[in-house]
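Letters A, B, C and D mark the chains as written, and numbering starts fresh at 1 in each.
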Amino acid sequence: MDYLSIIEKSYRYTENLKDRGLLATYIPELANVDPTKFGVHLITVDGDKYGLGDHQVKFSIQSISKVLSLTLAYRILGEKIWKRLDVEPSGTKFDSLILLETFQGIPRNPFVNSGALVICDILISHLDNAHDEFLDFVRDISDLPDLKYSDHIADSEKSMGYRNVAMCNFIKSFGNIENEPEDVLDFYFDVCSLEMSCEQLARTFGFFANGGCKISDGKRVIPKSQTKRINALMLTCGFYDESGEFAFKVGLPGKSGVGGGIVAVYPNNYSVAVWSPGLNPKGNSYMGMKFLEELTTHSELSIF
Amino acid sequence: MDYLSIIEKSYRYTENLKDRGLLATYIPELANVDPTKFGVHLITVDGDKYGLGDHQVKFSIQSISKVLSLTLAYRILGEKIWKRLDVEPSGTKFDSLILLETFQGIPRNPFVNSGALVICDILISHLDNAHDEFLDFVRDISDLPDLKYSDHIADSEKSMGYRNVAMCNFIKSFGNIENEPEDVLDFYFDVCSLEMSCEQLARTFGFFANGGCKISDGKRVIPKSQTKRINALMLTCGFYDESGEFAFKVGLPGKSGVGGGIVAVYPNNYSVAVWSPGLNPKGNSYMGMKFLEELTTHSELSIF
Amino acid sequence: MDYLSIIEKSYRYTENLKDRGLLATYIPELANVDPTKFGVHLITVDGDKYGLGDHQVKFSIQSISKVLSLTLAYRILGEKIWKRLDVEPSGTKFDSLILLETFQGIPRNPFVNSGALVICDILISHLDNAHDEFLDFVRDISDLPDLKYSDHIADSEKSMGYRNVAMCNFIKSFGNIENEPEDVLDFYFDVCSLEMSCEQLARTFGFFANGGCKISDGKRVIPKSQTKRINALMLTCGFYDESGEFAFKVGLPGKSGVGGGIVAVYPNNYSVAVWSPGLNPKGNSYMGMKFLEELTTHSELSIF
Amino acid sequence: MDYLSIIEKSYRYTENLKDRGLLATYIPELANVDPTKFGVHLITVDGDKYGLGDHQVKFSIQSISKVLSLTLAYRILGEKIWKRLDVEPSGTKFDSLILLETFQGIPRNPFVNSGALVICDILISHLDNAHDEFLDFVRDISDLPDLKYSDHIADSEKSMGYRNVAMCNFIKSFGNIENEPEDVLDFYFDVCSLEMSCEQLARTFGFFANGGCKISDGKRVIPKSQTKRINALMLTCGFYDESGEFAFKVGLPGKSGVGGGIVAVYPNNYSVAVWSPGLNPKGNSYMGMKFLEELTTHSELSIF
């Protein structure tokens, strides 16, 4: 497979699109990002790398980190974790409280905000210091020993995070948050504040394409069965209420963030990250979605 | 891959489960089925076949036929079809009217009842005789020239089909049904009334595993891109509000019916059908789900 | 109380308003009504009458007749009737199916369409010939022995009544309709097709202001306790999701119809009807609402 | 009207009921109340008083105080207040977040928790010291110069108030709370913490029966038109999703609290308070509801 030419072709096609979507505005810090940024990076399970554009510029990965916190919690608790949250697509916007009320505080899946809050609560309960240990975990799987939380982004989110405060207290009122909402929220905003480049992000998610083992050194992160299951979750729930559309058009497990990043994996083949800050009306990177659609169309490499 | 031993192992495991679920009761005709029936049949893209148990006994495929009516409509209209319905998981029960009201008569996907009704409406509008031409289409892809609608099942459903009558008229009130609700419903109940054995069903769905071409004679049914997209839809929406669970535990595109049948495909590898009439609380075959979970766990053959 | 001058003052004020609302368009026959029509008629419990404008022109009373069908059903069944429907405001639009799904086929109250359908079903079950006997009942309480159903209006509604067909079949699917939906709907459309002038309407509703007895001859229609309860229902549920607004601004039990009519009663004092075909965004007569607000403000005659 | 005998008769009847409902448990402090307490007190607009049972024992009036905070806010802002909240019955439980999401942060009415939070926000914005000035207001209308907030009840509610914290932050996320959620909640819990006896409560609400003027000294509290409108609101929204039932069975404007108190007014006649801590499944005092139903049945004194 000539990845380089496929990526270049898809990159050029996307770059020439007139529309680039709109910047997220609800987090002050994200509204200041240069909207013309565009980068892609693909790493194969053999370790080959292909990068184009701003693929080495860091951006806020935001909700993409929900996959990483889930991974750590799943590794610790195993299948017991699913007593606290479900694995079904939500059918509604990522921060809706309606289904949460319908299902009595059980989030629909770990990638809606409510689910990610429950995951943070689980990590706090099961780790001595969730804040440090989660960072160590990500440092390890990303081969980025100096990775840090971004305080200015976390603070920026906190300043406008009323909806998340509402959600966390709402779940607590149903008894599905064990710790104090304030502590859960602090940790949650830290988790969302991580910054990576496309290159780093593609590398970090490499183990999802590689049966649960890091591409760089073969070290196992999670068992094969858990890898398979998180991949399934990314496919069905990774793009909020556009998840079906993504599966339909792109056909890969993946996860997006409001910072404009998207990462996707083709099991046994590659991990790919794309970044462009402008979002479509559903809150996913406008160009990122287009690029990945082109990529799987040209390469005919989708899981379907 | 030693399919035979994997299937046998999974078959024996499932057969020994104590629980078998409960028969569907809302369609009188389905309540009379022998609840101990259990059969499986797998066909590879190379044409190898493996069958066990009651795999040659016919049963009512019910909602599984929604994939076939979608296939024909998609072949006729192409992407324009998605102006009439969406491709997102519903998050609620298959016959809920709530989301239909929220989205002003646009069904969430073609596999909830409302979506299948819109597909039937499309076929009536675009074919001279939808009733006959759809049957011819299924006869062709299934290599079953004598296949017929089952009048006694269609009539049985009509006698209790108030919910579907409600749904069809509701969509019509939003302007998303072109023909008379009565005609759409008649055709819809016929489509649901088809009967096949596991062997026939696995063969009929073979082209979804084979890039859009029939396994028996290589004849193209739909383009590769449409095949990929319907597979994606089956994965995200094929099991009502248990779709996420199925993707999570089985990891294959598939479709279930209240008659207790399930068909699933592993692209480029095989098509498999399983039948056991007892249903789990979500309305999917209890043993069918268990069997497929075993199958993909033992074979490690899932798309993820 | 000088009713004449109060009514005249309120009438003049309303007549001079620039906005008159918009005609209902979903029933073809209603879209042809002269939008400049405006009439009011008040009858006191002593039998004094005051009429202005087009108060002797007939119009389609539509949903106002739901109070009359409830009255007859309540008289027949007594409190048992409330096993089939509730007495709570709906909080949503009059033809919403969402709450009906939430409450498993139990309508929120007798004045939303679903509730009125259940009332029609009850009348069919308990009367030899609901069609004739309901008409006789209304003829009797209105002193209009020649009153007839309007076939052209009933037919016009049937031609566009998909939403009501949906609703009736939906309730039937929950088991809360005993007869065939088609029969219930036929009767329902007839009930809605009655035509009266403001004068006739005010007179017909006179017994709600008069402790359950007709004003003309003192004949009892329903017991005092039932009168009180239907009055309470009209206050809390008579104006769809604008009921609170009506209670807040007008402060009288009443009922509106999409034909532009409104009838309201001040217990122990008067019954008043107003008609102007233009509707406000909530589906209630624009000028009718304004007139009644003026009337109770000037007269200081509200139940609060 | 022989109020004494009517009250006694209704009191005896209710006292002999076997069922007394269940104590509220979600606020720790309320779970410790003696469940056998039962008192009633009625005051006529002429100043006559009738009390029975524990009518001089103080209890937590809880949500009943929402009528008082609304009264003060309405007096300050006039009709402008309705830009921030609506006047429609909610149709759902008092602390549901679903309708709040549907209506983008505009509470359905001032008596659901969300509406009361917005009222608290308004008072904080428009008063120098809402905390003190609201207390002064209630002291004045109740003729209770020593009335104080109950710290132990406010603290008890705060300790379990996650749902209210959720709600306040949720409304803030829609922009309909101006102050910091923490400050609004502190004030809200104080407002709910007031304690009164039936005698004091009936007296405090006397002006709603007396055209807006205190019964004791004739001093005007609010204009007649505002009195009428708050009475209408109490009738349509005063009992959560049992408001329709209350209007239907009792037929008076009123307000209940989870402390087991209910106050109701018959305009131009009387104000009545009843207290019994056991609640029915809808969260209203079991015996309180029964007593008031008896009272209006025997006296035939309902607004309908």
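Just so we're on the same page, contacts are C-beta pairs under 8 Å (C-beta built on N, C-alpha and C of every residue); 3 or more make two chains touch, one makes a residue touch a chain.
All figures in this text were calculated on a predicted structure; none of them were measured in a lab.
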item: Chains touching both subunit B and subunit C; value: none
item: Whole-Å gap between the CA centroids of subunit A and subunit D; value: 47
item: Chain centre separation in whole Å, for subunit B relative to subunit A (CA means); value: 32
item: Separation of subunit B from subunit D, taking each centre as the mean of its C-alpha atoms, in whole Å; value: 55
item: Multi-chain contact residues (two or more partners), subunit D; value: none
item: In contact (per the touch rule at the top): chain pairs; value: A-B, A-D, B-C, C-D
item: Subunit A-facing residues of subunit D, complex; value: 96-98, 101, 162-163, 165-170, 172-173, 181
item: Touching residues on subunit B, where the partner in the complex is subunit A; value: 86-92, 99, 108-109, 224-225, 227-229, 231-233, 235-237, 241-245, 247-249, 251, 253, 267, 297, 300, 302-304
